[in-house]
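So the structure is just underneath, and the comments pick up after that.
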Amino acid sequence: MNGASHIASSLSAILPILILMGTACVALMGDVFIWKRQRALTGIVALIGSVWALVVNLQQILGYGSSEPFSGSLVYDSLSQTTSLVLLIATVLSVLLAITYLRNRGLELGEYHVLLLFSASGAMLMGAANDLIMLFIGIEVLSVALYVLAGIARTEERSEEAAIKYFLLGAFASGFLLYGIALVYGATGTTNLQQINHLFSAKASITPILVAGIGLLIVGLGFKAALVPFHQWTPDVYEGAPTSVTAFMAAAAKVGAFAAFLRIMNAFMPVQPAWITAIQVLAILTMVFGNLLAVVQDNVKRMLAYSSIAHAGYVLVAVASTGMIYRHAVLYLSQGDRAAMFYLLAYVFMTVGAFGVLVLLSRSGKDYQTMNDLKGLARTHPFAAYTMMFFMLSLGGIPPTMGFLGKWLIFNAAISAHQVTLAIVMALASVVGIYYYLRVVWMMCFQEPEGAPATEHPVNDWAARWSVIVSLAGTLMFGVLPALLSPIMTGLYH
Amino acid sequence: MLAVPTEYYLALSAILFTIGVIGVLIKRNPIVIFMCIELMLNAVNLTFIAFGRHFAQINGQMYVIFVMAVAAAEVTVGLGIIVAVFRTKDTIDVDEVNLLKF
Amino acid sequence: MQAAFFGVIAFLSILSAILMVMNRNPVRSALFLVANFALLAVLYLTLAAQFIAAVEIIVYAGAIMVLFLFVLMLLSLGASHALRERGGLQPLVAIILGLIFLASLSAAGAIGTLGPGQATPQWVKNGGTVKAIGTALFDPRLPWLFPFEVTSILLLVAVVGAIVLAKRRV
Amino acid sequence: MIFNWVWLIPALPLFGFLFNAFLGKRVGKTVVGWLASLVVLSGFALSVSVLAALLKLPESERQRIVGLFPGGVVIPWIHIGNFRVNYAALVDPLSLLMCLIVTGVGGLIHVYATGYMAEDQDYARFFTYFNLFIFFMLTLVLAENMLLLFVGWEGVGLCSYLLISFWYEDKNNALAGNKAFIVNRIGDVGFALGMMLIFATFGTLSFYGTAAHPGFLQMAARHISAHGPLLISTATVIGLLLFIGACGKSAQFPLYVWLPDAMAGPTPVSALIHAATMVTAGVVMVSRCSPLITDSATVMIVIASVGCFTAFLAASIGLVQNDIKKVLAYSTVSQLGYMFLGCGVGAFSAGMFHVTTHAFFKGLLFLGAGSVIHALGGEQDMRRMGGLKNRIPITHWTMAAAWFAIAGFPLFSGFWSKDEILGAAYVSPDAGKVLWFVGVVTALMTAFYMSRLMWKTFYTNQRFNEAELGAHGGHGGHGHPGVHESPPSMTVPLIILAALSVCGGFIGSPFMGDAFQRYLAPAVRNTTAMPEGITGTVLVLMVISSLVAVAGILWAMSLYGKRRETGDLIPAAAKAKMGPASPYRFLLNLWYWDALCNKVAIGYGGVLGNSLKWFDTYIVDGVVNTLAWIVGSLASGFRRTQTGFVRNYALTMLIGVVAVVVGMLWGSFHFMFK
């Protein structure tokens, strides 16, 4: 294949990513030079761009293609396509939330949407990375934009505090990740994941440098995925960051990190004994501590942060049960990988939905944050309260929601992969989870509102409303009829 | 033929990396913490280049170019955040950035 | 001869790193870090990375550290604002853990056999020149082209981010 | 083909739910109430015609799998890899029997509720939940596989939760709802683990399948699994886990604590969910899985003993309760114990027979109690009732029918089913005689406390001040002055259920050739049954049961007949003097079980700190509290580690890094240098 056509086919393979990046550039230019006064337009442009990318991504998925664009720096297969799908859904929902949130809080910055789209493209690169250095750059594109987004409410101490905490710890973790990449390179002579896989399939020899390298990779990704004990930034940053940023951060960073986890762990599948115990222990710690600490939180955003840690633990159970194989250059996903991707989609709907409800309730200068703010919500804001109830039930894993089905698939994958301990811990941990999700429902439905209802002038919140409705529809529809996903999530049904 | 074995370089980079890690943990000024992180990244660069020479590959040096770009980007944003924190709090002591906890 | 040269440079770089961490004045810390980078650049030269050595001086010591100093001066956080480190467990635990980390890494390196180096004199001569790096970076058959393009996006993000954070009004 | 219309049975209440949820507030109460009742009653009509069709088939073919999507096609609901689940119904005698009960008794209770709730402002919301409950309950009983059953199982739990907490202005109600939900979750973990183990063992979750792809019950009956012969130990573990689930849902010891508290909901809810249908789900599930359960003798013994003990325990507590609904609640727990006793000794048909008759008479008792409460403007304390016999005659006569039925008076419905269970216990091996004896004692207590309830409510002298009625502000009170009989929408269901309570038992009596047992035989796997016909042992046992029932009633009558004034056997002054060890206090304090648990929890209370404050306030229950204490104090401890200082976080990360790297190096040491 000659160079030009190779590049052309490579570019068409990553078209959704290019569309996101292009839209971000257009939005930036437009925001600065064309519609200077009409900041809302930037949000609309971002929305159109991300929906377009989503459509193209769906087309690609239905085309059942598979290739390695750019000489193996990326890989374009069912896993990366599915990751992109989940991420693009999260992006569309977050852009919608941001449009309302920025207006309600008087923060209308066009750069917000630009950074959000770049960040999303970084996460998609993580899912598609076939080379550790590509993965690193993807993580950095994702993170650098997120650092800024976390601190975008520049006059608020909390927002700035979130930004600096996230930034310092994130950079610290990047250092470990990079060191891990260096050690893996030293142990194998390459950073290409497929080559690494072939190398070990041919002769599985475990060297100490390799083990240390894998350990540091797990640490670096574990930070992004918020695994215990690399989780402590999560509650502070989720609480301090503007709510619409939290929604996106919770969804995109986690999906990207787990897509990378799945890919890396599969590359190292032949040396599984070296790393499986570490993943198991981290999964157990994450599930136990995430659920335990969520119980005592009084701030909803903080509670959701701990809950997101707990959910990271559940997905890590799926990672421990992974084992995809390449046969005739086609990727066959294992039960664990499918369960992980399904769960991540469910997680995106539930979490973005739950934060979306908080966005919906935000008014200028005031965020709905504490449990007390939620009291009597069923009376004052029935739409918000009842949608929130479904998100809580889904997060708690109660059928017939997507959250339940996702958990069940992970249970199942864990049992098939003989990870019985993990399955049992997961079952027990999710029981604890019920308490705090139920507490939100309890506050909303069975408590009287505190104080006199503020006279609120009606605000135009169509965007957040649609975001929440779509999240709710996804949570319920795919929970009741997961078969609807079969044509879309090709990777799930090979 | 090579007078200095690769292992020496690796040991040096491990030591520098560890000094950077310890610095992150004990300094209170976020700018200095950040310098320590830069030191960690540079230590990793040394590892990359050492391995690159060991395998006689250009790869090691390629990685370093990317790491430098990443470090530049991090510095830009990081210093921006530190300045923004200074504006809201009038201090940059990380031990006083402590609203969000428990 | 080469080993002795390496030893001196290594010692100096470790020393400058330690001084950077130990010093209470952030401006002096920054200067020690610059010194450290310069010493690393010398080591890169011994590792056949001529281009990288130059970039290390120009970009790191020249641009990045100047930015650090600039911010320190801007916020007037010089000697008068030196923060006294607190005692307590944290530094002790940090140092102990750091040493364990170092020990385990060295153990890993010592047990592991890297095998003989593969660099030929020819490679050492041409391996890290501007030409070698440039042709590798822009060769579509090699996997560097795309990450290189993505770093441009990364830098753009950083610039936009810095402007957003520094802008005076919304 | 009538089977292709089975999907309508759950779809109708689902339609009712959606309609009432979205349009309920606009169309007015009449439409809401009648639509809600109509969808359920049409389901009953449909179930009857399906039954007719099923009975025409030969016995071996009385098992149909039909899809629950419109048209009855079987298409997979979830199909991911080897994990395949159909959204389909298993139509067989067992599921159809439950359909009849759920839609029949449920329909009557819907009609009753249109009268009972007539003046509630949240009328539409009530019927929305009610229809949703029926939908999930039908999903549960019709499910073709374990997962679908679980969906229904969780769904009914959710509706139960919503309905108990229906009047949420009252804090205790919402509390009770929380408790019910949480205790049920403990059971659900058992269920979920059991389900996973079933899938891991048999590779399928379907109950029955084709010859090529048999369901797990078929495999269990043949003692095989997906990987060779079925180990007895595996079957035991699965059976015990499933039984834990059943204990939660069907309020068996020690998870029974939620049911009495759940009585805080409106009375039709108690009748429908906590008497007639949902609480029997555990019995239904155990009976459904009988081919698997009977594989393990251990599980059978456990079920029988737990059931027997629960029956005795709850009946003894019922002897001293003063709240009319509490008496009925403990009585329900006790009767559920009988049902599990039947299942545990291998007489699943007898257990299901008792489910059926219990639905009639216990539903009736609750509805009657609701009518009493309604008449008295919200009063539930029997100490302030009395003399109602002639004031609300229809309620009195219908409740009297139920009284005789539950007491096991000869020829009434409860007599036949209880006798069937006790007989099976008697002839079963092992500890059968002991179980039988405890069952008989329990029957005596049952007759006694039900007579006590009737006397205190209807026959003793009036002990309430008519002018003060309704002042208690309960929700049964609707502002009508004075004691009054309920409207026809409430009395008609009472009369129908009374007729069933009197005659309903004959379908399983020897007079009709044990028709009920024959009908159910293809669907369950009985290992014990009473000998057929009226001969020898059977006759003796029947006579003993009859005598016990009559004795209990007469004893209570003689005791309370002498104390018409107060309606109290023990004078108030004497009660006050009693120490905590006296039998009366022992029973009144629920055997000190809750207190014991509370003590365990509160003993550590000093350490609890702030973190537990919401637990303390919301879930004041022993078992749950202890659990909560553990979780809460651990959490508050670890919460302190979240100091808010960046450097501490970095230190934690470094600890993690060192642990991971050192641990991995250490762990993989022996893989190196092979």
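A, B, C and D label the chains in the order they appear, each numbered from 1.
Here, contacts are C-beta pairs under 8 Å (C-beta built on N, C-alpha and C of every residue); 3 or more make two chains touch, one makes a residue touch a chain.
On a predicted model such as this, the values are computed, not experimentally measured, just so you know.
S.K.: Compared with subunit D, which chain's mean CA position is the farthest off?
M.R.: C
S.K.: Based on Cα centres, what is the most central chain?
M.R.: That would be A.
S.K.: Which integer distance in Å separates the CA centroid of subunit A from that of subunit B?
M.R.: Comparing mean C-alpha positions, subunit B is 26 Å from subunit A.
S.K.: So, what's the distance in Å between the C-alpha centres of subunit C and subunit B?
M.R.: Spacing between the chain centres: roughly 6 Å.
S.K.: Measure off the straight-line distance from the CA centroid of subunit A to the CA centroid of subunit D, and report it in whole Å.
M.R.: 41
S.K.: Report the inter-centroid distance (CA atoms only) between subunit B and subunit D in whole Å.
M.R.: Subunit B and subunit D have C-alpha centres separated by 63 Å.
S.K.: Where does subunit A touch two or more other chains at once, residue-wise?
M.R.: 133, 137, 140, 144, 147-148, 151, 154, 164-165, 168, 172, 186, 207-208, 211-212, 235-236
S.K.: I need the residues of subunit C touching at least two other chains; which ones are they?
M.R.: Correct list: 90, 94, 98, 101, 104-105, 107-109, 111, 114, 144, 147, 151, 154, 157-158, 161, 164-165.
S.K.: Counting only residues that touch at least two other chains, what does the list for subunit B look like?
M.R.: 10, 20-21, 24-26, 28, 30, 33-34, 54-55, 60, 62, 66, 70, 73-74, 77, 80-82, 84, 94-95, 97-101
S.K.: Touch graph of the chains shown: is it line, ring, star, complete or other?
M.R.: It is complete, because no pair of chains fails to touch.
S.K.: Taking the touch rule as given, give the residues of subunit A at its contact with subunit B in the complex, in rising order.
M.R.: Answer in residue numbers: 133, 136-137, 140, 144, 147-148, 151, 154-158, 160-165, 167-168, 171-172, 174-175, 178-179, 181-183, 185-186, 189-191, 235-237, 239-240.
S.K.: So in the complex, which bits of subunit C are touching subunit A?
M.R.: 104-105, 107-109, 111-114, 140-147, 150-151, 153-154, 156-158, 160-161, 163-165, 167, 170
S.K.: Name, in rising order, each residue of subunit B that touches subunit C in their complex.
M.R.: Touching subunit C: residues 1-12, 14-16, 18-23, 25-29, 31-32, 34-36, 38-39, 42, 45-46, 49-50, 52-56, 58, 60-62, 64-66, 68-77, 79-84, 86, 92-93, 95 of subunit B.
S.K.: Going by the contact rule at the top, pick out the subunit A residues touching subunit C in the complex.
M.R.: It comes out as residues 3, 6-7, 10, 21, 25, 28, 69-74, 106-109, 111, 114-115, 118-119, 121, 125, 131, 133-134, 137-138, 140-141, 144-145, 147-148, 151-152, 154, 186-187, 192, 207-212.
S.K.: In the complex of these two chains, what residues of subunit D are touching subunit C?
M.R.: 647-648, 651, 654-655, 657-658, 661-662, 665, 672
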